[in-house]
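Labels run A, B, C and D following the written order; every chain starts at residue 1.
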Amino acid sequence: MLGFSIDEAVIAGHNRAQSKALDAGYARLCDQLAERDVDVAAVESRLASLNIAVPSWGLGTGGTRFGRFPGRGEPRDVYEKLDDCRTIWDLGRLSKSVSLHLPWDEVSDYRKLRLYGERLGLAFDAVNSNTFQDQPDQAHSYKFGSLTSTDAAVRRQAIEHNLQCIEAGVALGSRAITVWIGDGANFPGQQNLSRAFERYLDSMKDIYKGLPADWLLYIEHKFFEPAFYATVISDWGSSYLAATALGERAKCLVDLGHHAPNVNIEQIVARLAWSGKLGGFHFNDSKYGDDDLDAGSINPFQLFLIFNELVDAGARLGEAFQPAYMLDQSHNITDPIESLLISGEQVARAYAKALLIDRTALTQAQDANDVIAARRLLMAAYETDVSPLLAKARIDKGGAADPIAVYRDSGYRARKADERPVSAAGPAVRQSVL
Amino acid sequence: MLGFSIDEAVIAGHNRAQSKALDAGYARLCDQLAERDVDVAAVESRLASLNIAVPSWGLGTGGTRFGRFPGRGEPRDVYEKLDDCRTIWDLGRLSKSVSLHLPWDEVSDYRKLRLYGERLGLAFDAVNSNTFQDQPDQAHSYKFGSLTSTDAAVRRQAIEHNLQCIEAGVALGSRAITVWIGDGANFPGQQNLSRAFERYLDSMKDIYKGLPADWLLYIEHKFFEPAFYATVISDWGSSYLAATALGERAKCLVDLGHHAPNVNIEQIVARLAWSGKLGGFHFNDSKYGDDDLDAGSINPFQLFLIFNELVDAGARLGEAFQPAYMLDQSHNITDPIESLLISGEQVARAYAKALLIDRTALTQAQDANDVIAARRLLMAAYETDVSPLLAKARIDKGGAADPIAVYRDSGYRARKADERPVSAAGPAVRQSVL
Amino acid sequence: MLGFSIDEAVIAGHNRAQSKALDAGYARLCDQLAERDVDVAAVESRLASLNIAVPSWGLGTGGTRFGRFPGRGEPRDVYEKLDDCRTIWDLGRLSKSVSLHLPWDEVSDYRKLRLYGERLGLAFDAVNSNTFQDQPDQAHSYKFGSLTSTDAAVRRQAIEHNLQCIEAGVALGSRAITVWIGDGANFPGQQNLSRAFERYLDSMKDIYKGLPADWLLYIEHKFFEPAFYATVISDWGSSYLAATALGERAKCLVDLGHHAPNVNIEQIVARLAWSGKLGGFHFNDSKYGDDDLDAGSINPFQLFLIFNELVDAGARLGEAFQPAYMLDQSHNITDPIESLLISGEQVARAYAKALLIDRTALTQAQDANDVIAARRLLMAAYETDVSPLLAKARIDKGGAADPIAVYRDSGYRARKADERPVSAAGPAVRQSVL
Amino acid sequence: MLGFSIDEAVIAGHNRAQSKALDAGYARLCDQLAERDVDVAAVESRLASLNIAVPSWGLGTGGTRFGRFPGRGEPRDVYEKLDDCRTIWDLGRLSKSVSLHLPWDEVSDYRKLRLYGERLGLAFDAVNSNTFQDQPDQAHSYKFGSLTSTDAAVRRQAIEHNLQCIEAGVALGSRAITVWIGDGANFPGQQNLSRAFERYLDSMKDIYKGLPADWLLYIEHKFFEPAFYATVISDWGSSYLAATALGERAKCLVDLGHHAPNVNIEQIVARLAWSGKLGGFHFNDSKYGDDDLDAGSINPFQLFLIFNELVDAGARLGEAFQPAYMLDQSHNITDPIESLLISGEQVARAYAKALLIDRTALTQAQDANDVIAARRLLMAAYETDVSPLLAKARIDKGGAADPIAVYRDSGYRARKADERPVSAAGPAVRQSVL
């Protein structure tokens, strides 16, 4: 790791100082769960294997179209981003993998980058392509679309970029590519909605052909933005149509912020899981649109209900059901490391609570149409304060009892601010506001 | 027809009185369209073949859960509903078929009913089943679902009802059944979302087996209500999954009021048309939820954009593309006959305007990403006042130049109020508030 | 109380059987709160004084415009409704008052009714008028509005009804009237939006004049339904304009289900509290529209955030700040008594958690723009499982440790089903679906 | 004007070439309106006095947080923006004034700028302050708010900036300032919602004190973005509270894209007009959020309904009712000049149609609750193709019959692309994406 890192002894010291309170809290929770005949060890075992990837672009300060307020000590390249990921892993022990974004994270030598990551103990998750922005040296503009452009040369360029992403991913040891495009129309009439979809399928078929046999292709839909009238892949229905047209290894990815208002996201999760097309998640939270707020910050109950579906699907579908988890947030006013630590914890919290649901009793209540009993079973799990369980899981894996406290005490950000002086240009806004 | 009917001589007289103004308006429009090289005869020919079914339940006054304010002279049985349909046909010449709803329109002899309809010059459109309400003599309640109930006996009852609807429809000369269910959950946990969907498919497969070879089965999705947390068939994605699982003759039906806020409905139309699963429409309009307001009353531009997709799909898919059109509105404060007349006209208006779009120029503008030119082409068509064309089409088929004026002058409603004294019980609210 | 009631000895027996587990849970919680320096006694004292009124119409099974599935043993008149209220009070100890609705609860002798309620230990909360439905004997119809009708006679009738409600309320010992109207328009053009508002103000001024000096008038706004294009009092802004125009004793009432999608309700609460116009609440929950689901069932975090504002406002405004609390839910598929018990508990839970927020630290974090610290303070309170505190508060006041369990064991509903045979007509749908 | 401008002879030539078709179209429309007894001259006179300001930031290409795709020949400073405004005025004759944004349009000598504008025949509309972005030389950051910051120094800086805007505006001959802030919170707990509002009022009072006696202060609310959990001035209710607290000359400004989904904007217009607080408009259109699309491009009927309210309010309130009109759009994929020309025309179209409504008949229909008649009166006006009237109004004032055609034929943009070579840095994204 470049420059300052938080010593594991510091973490251990922190944990020791809190150990009495932690033990007491954990004991109280175990007592409570024992009354409900919960198999705590089984829950802990499943929690221990949870991984939630960090997106490389989440490590810088995000912004809105109205501006960006940079923070101190932001990583200036992918190596520094990996350093921050390692810090998140050291403290939170929930995010061992990182998801890169090309060309934002472009390097000349991906094997060297892979080695660097491996030395930090990190893995490389799905790679993400970018055909929603123009790069300085680009032959054709994506102003009017990329994979769906009416211009074959533009489509070809976008396809090639995706194939290059796969190539980079292979070098990094990734096993999947996530394709999100901003293609669409801002005005009625601008685009033939059906022909745009057909061009999308044609382009995606070319990308799919380039997919290694052990890779998955994730299709990410989005309700709107940057296209403001019609987005080519705007909902799970379109995503499913496309994934089906492409083949077995094409899956649908659910970003929590990419839906119409009021939509029941957990039901979409259930439908996609049922159809065998659920690829994974981009976790975040929102109140209005694609707000990209920290996961579990606005509607934690919804996150719990999503994990209720995931635990249920896992029970029905078995080992084959392995959706990929990633955080995808825009940290506009918080320290990205703090937000990612808390968000990972919120995801783990939702998962832990979902694991506490008495599923046998729930099925009985459902079959008997005992609505009140079913609600109470969910509420009993949801209202349980699983914080001690989460802390225990972290500590058992070498993480911090209180990651935020350790992080703040360590002075990490201030140290990085010194180590990473911002150049005149600074990180381009467009690299941080996804 | 039972009792009073509007004499065709009255209509003819009205039309004569307006003929000078009508001719002038029509001439002006033709001049305008000639400047744009529009083939008016071709447009008129397509308009002439437009049929928009009337739903039998739309002929009574609707209401909300807060109450119903009945109107005068409402039809008391399906025969009287047919009489009102005939009046609508006589005046508007857009709705030659009627869609029945069982058990609301249940009769002991469907052949006799068919004969009655045929004598009125009406055809019988898709039949609609009802498993969202309990009937007095019903063995099992649908309180907790029908086709998706956890109780096999309930599902069986609901399946049988649908099969009986098909049987009645066969006797009536219908060629399709529309299945809409209210099944779902009001609370998280109440229902296993995946197993409910599986039960739905199982039940629907039994219904599909009973479908005559020349029939279609329309699946109607609805975002919410009466289920308030999760609806089993809540969106076009679920509808498509189900239609695909069932087979060729299962199609998706789009009700304009059954979508999440802000959803781009014309894009859903495009996706379903592209996938070969677009069955038809329930036209209405809304501002908030499933408001069931008169078609084209809140957002006429959206209706135009939907017909833009339909004309486009027709051009690509050819004769095989024949979606079914129906109005599905709740007439809470207007005379249902007036609302249905105006709504039919609004649908025809949107269709006529969509036919005026210069599609060759539009494709050129789209291919060239000339957004402004594409917008202007749509606007040129949309801003055209096609009222004279619609009046001409009506008159040419024997209808009224101004259906509302003739209807009001005729005193039809007052006459029916005399002929149809309301019994103590009156038409049950539940029969009119769909 | 008429017929069967749950004996307090039965409750006591239940509580005894669970006392060991309850004590253990309570002790664990106290340990946890002691670590955070929470003054548990102070929280308990405030919880003890919480009252959440029950609406009389909530005691019957509700429905939607698509139908109603009645439950067993529903109360057939206001006396039987009071009996059910007493049962809710006996078990839950959160709802000591009941809010009547006229003419649904009309009786010939309100003093007798008051006596009956007092003997049951119940108080009479705000009275609710009804000018959104026509009553059989009514001179003028509200089909086109009531207080805002264009017809002076209709407005007069609606005003008189409200004055009679006040009169009945005076006899009952109520201290407030809640006015909700469904007035509005279904179509653009139907209503002059400004003149309708002026007529509303004129009518309300007449009602306000009839208000006793120690009464409050609550104005309840609603985004839509039954009016589907424009509702006269559709948002808090209109409500505020009206309350200001009327005078000091006119206040705004917030129903959680009466807002546009995504609206930040807790901010509306803050604005109304700040302006001195927050009168009270109708608690419920919803996912789509005015779903009238059980409070805290869909988004419990939102309920917590609302109470965060209420606790904050109370701290700033002092004793004068006394908003009225009521549940307003439609129990379509659950036993109303069970739903009201659980909903009351969810409201109390949100309040209890809001009382646990460390407000001094929160203010410091806010002033320092330490967003993460502020979030963590809220989450620490929200994630606390306050169930033992709620149970303790109930038991201390003589209620049941587990109200649902006692209720079910008692066989109350079955007994009432015997005692309350449904007449042929049954309770009219319209009386239960508010 | 700097460099190339479109010669008025060119415009005249274009108009002459179309004069026969134009005359015919106008004659047809006059015939049609004569049948309805419309006073065409009166309509034309009101149309002739319509002015819709152009915002200086709308002249560059906008973007989203995902990127910006610059166009050719964008203006590089406020002088070049004025040149483009002049071109818009020359062609469209609807937008004679321009609204500046500081510091984006900051110059050292505002009198010189005013002179330049006056020589172009342009006037300076409301000035707009900017405290939602940090400027390079700024002492304090607005990351956590500006006028509502918890830090008095930040608030003071933001107040001073607004006072400087007023000063610049005075020099320019403006008569109003528009204050929009992005202040709010991204997370529950981050901000004390009431105290933030109080700080807003305190800051605004200081600005209001600096307002010249003949100036107005427009408060612009926005539902969300850049704040994603709570925005301090998020709705018309908050805007009204603030405007009332400030005084007579504080008014509410309605941006069409700044509302919750499904909200009835024309009703808000009616309420604000009624209360005397309607200051003006930012016109644009949207389908999802604050999409900032071209006015009238997504829901032209809504724009018509808004003008229906404005015409109605004008009739009731008389000359004193003079709301300010401005376009506020983000031109991401179109030539800004073309979008502004079309948008101005769409606003004028909505106004013209609203002027065609037979208000006497409408009032009669409303008073008689003849819903269908009222709808038909609105539809008759809305369906009228007023294009010839708009063209006539333009030509009469010296503009182009077809502004887009003339603009394209002139080669204006290509000429400007030559005259305005883009520097390395280019116009900062943040200056164009409002």
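In this section, a contact is a pair of C-beta atoms (placed from the backbone, for glycine too) under 8 Å apart; a residue touches a chain by one contact, two chains touch by 3 or more.
Since we're looking at a predicted model, the values are computed, not measured.
**Q** Moving only from a chain to one it touches, give the least number of moves from chain A to chain C.
**A** 1
**Q** Please identify which chain has its centre, taken as the mean of its CA atoms, farthest from the centre of chain D.
**A** So the farthest one, by centre of C-alpha atoms, is C.
**Q** Look at the interfaces B-C and A-B and say which one is made up of more C-beta pairs in contact.
**A** A-B
**Q** At what distance in angstrom does the C-alpha mean of chain B lie from that of chain A?
**A** 43
**Q** Can you compute the centre-to-centre distance for chain B and chain C, using the mean CA position of each chain? Integer Å is fine.
**A** For chain B versus chain C, the centre distance works out to 39 Å.
**Q** Do you know which chain B residues sit against two or more other chains?
**A** 143-144, 186-188, 223-224, 229, 261-262, 264, 287-288, 294, 297-298, 301, 333-334, 371, 375
**Q** Using the touch rule from the top, collect the residues of chain A that touch chain D in their complex.
**A** 62-67, 69, 132-134, 141-144, 182, 186-188, 223-226, 228-229, 261, 286-289, 291-294, 297-298, 330, 332-334, 429-430, 433-434
**Q** Applying the document's contact rule, which stretches of chain C touch chain A when the two form their complex?
**A** Against chain A, the touching part of chain C is residues 21, 24-25, 28, 31-32, 35, 261-262, 264, 287-288, 294, 297-302, 333-335, 338-339, 342, 349, 371-372, 375-376, 382-385, 387, 404.
**Q** For the complex, give me every residue of chain D touching chain C.
**A** So the residues of chain D in touch with chain C come to 143-144, 150, 185-194, 197-198, 223-224, 229-230, 234-238, 240-241, 259-264, 266-268, 270-271, 273-275, 301, 305, 308-309, 312-313, 316, 362-363, 365-369, 371, 374-375, 377-378.
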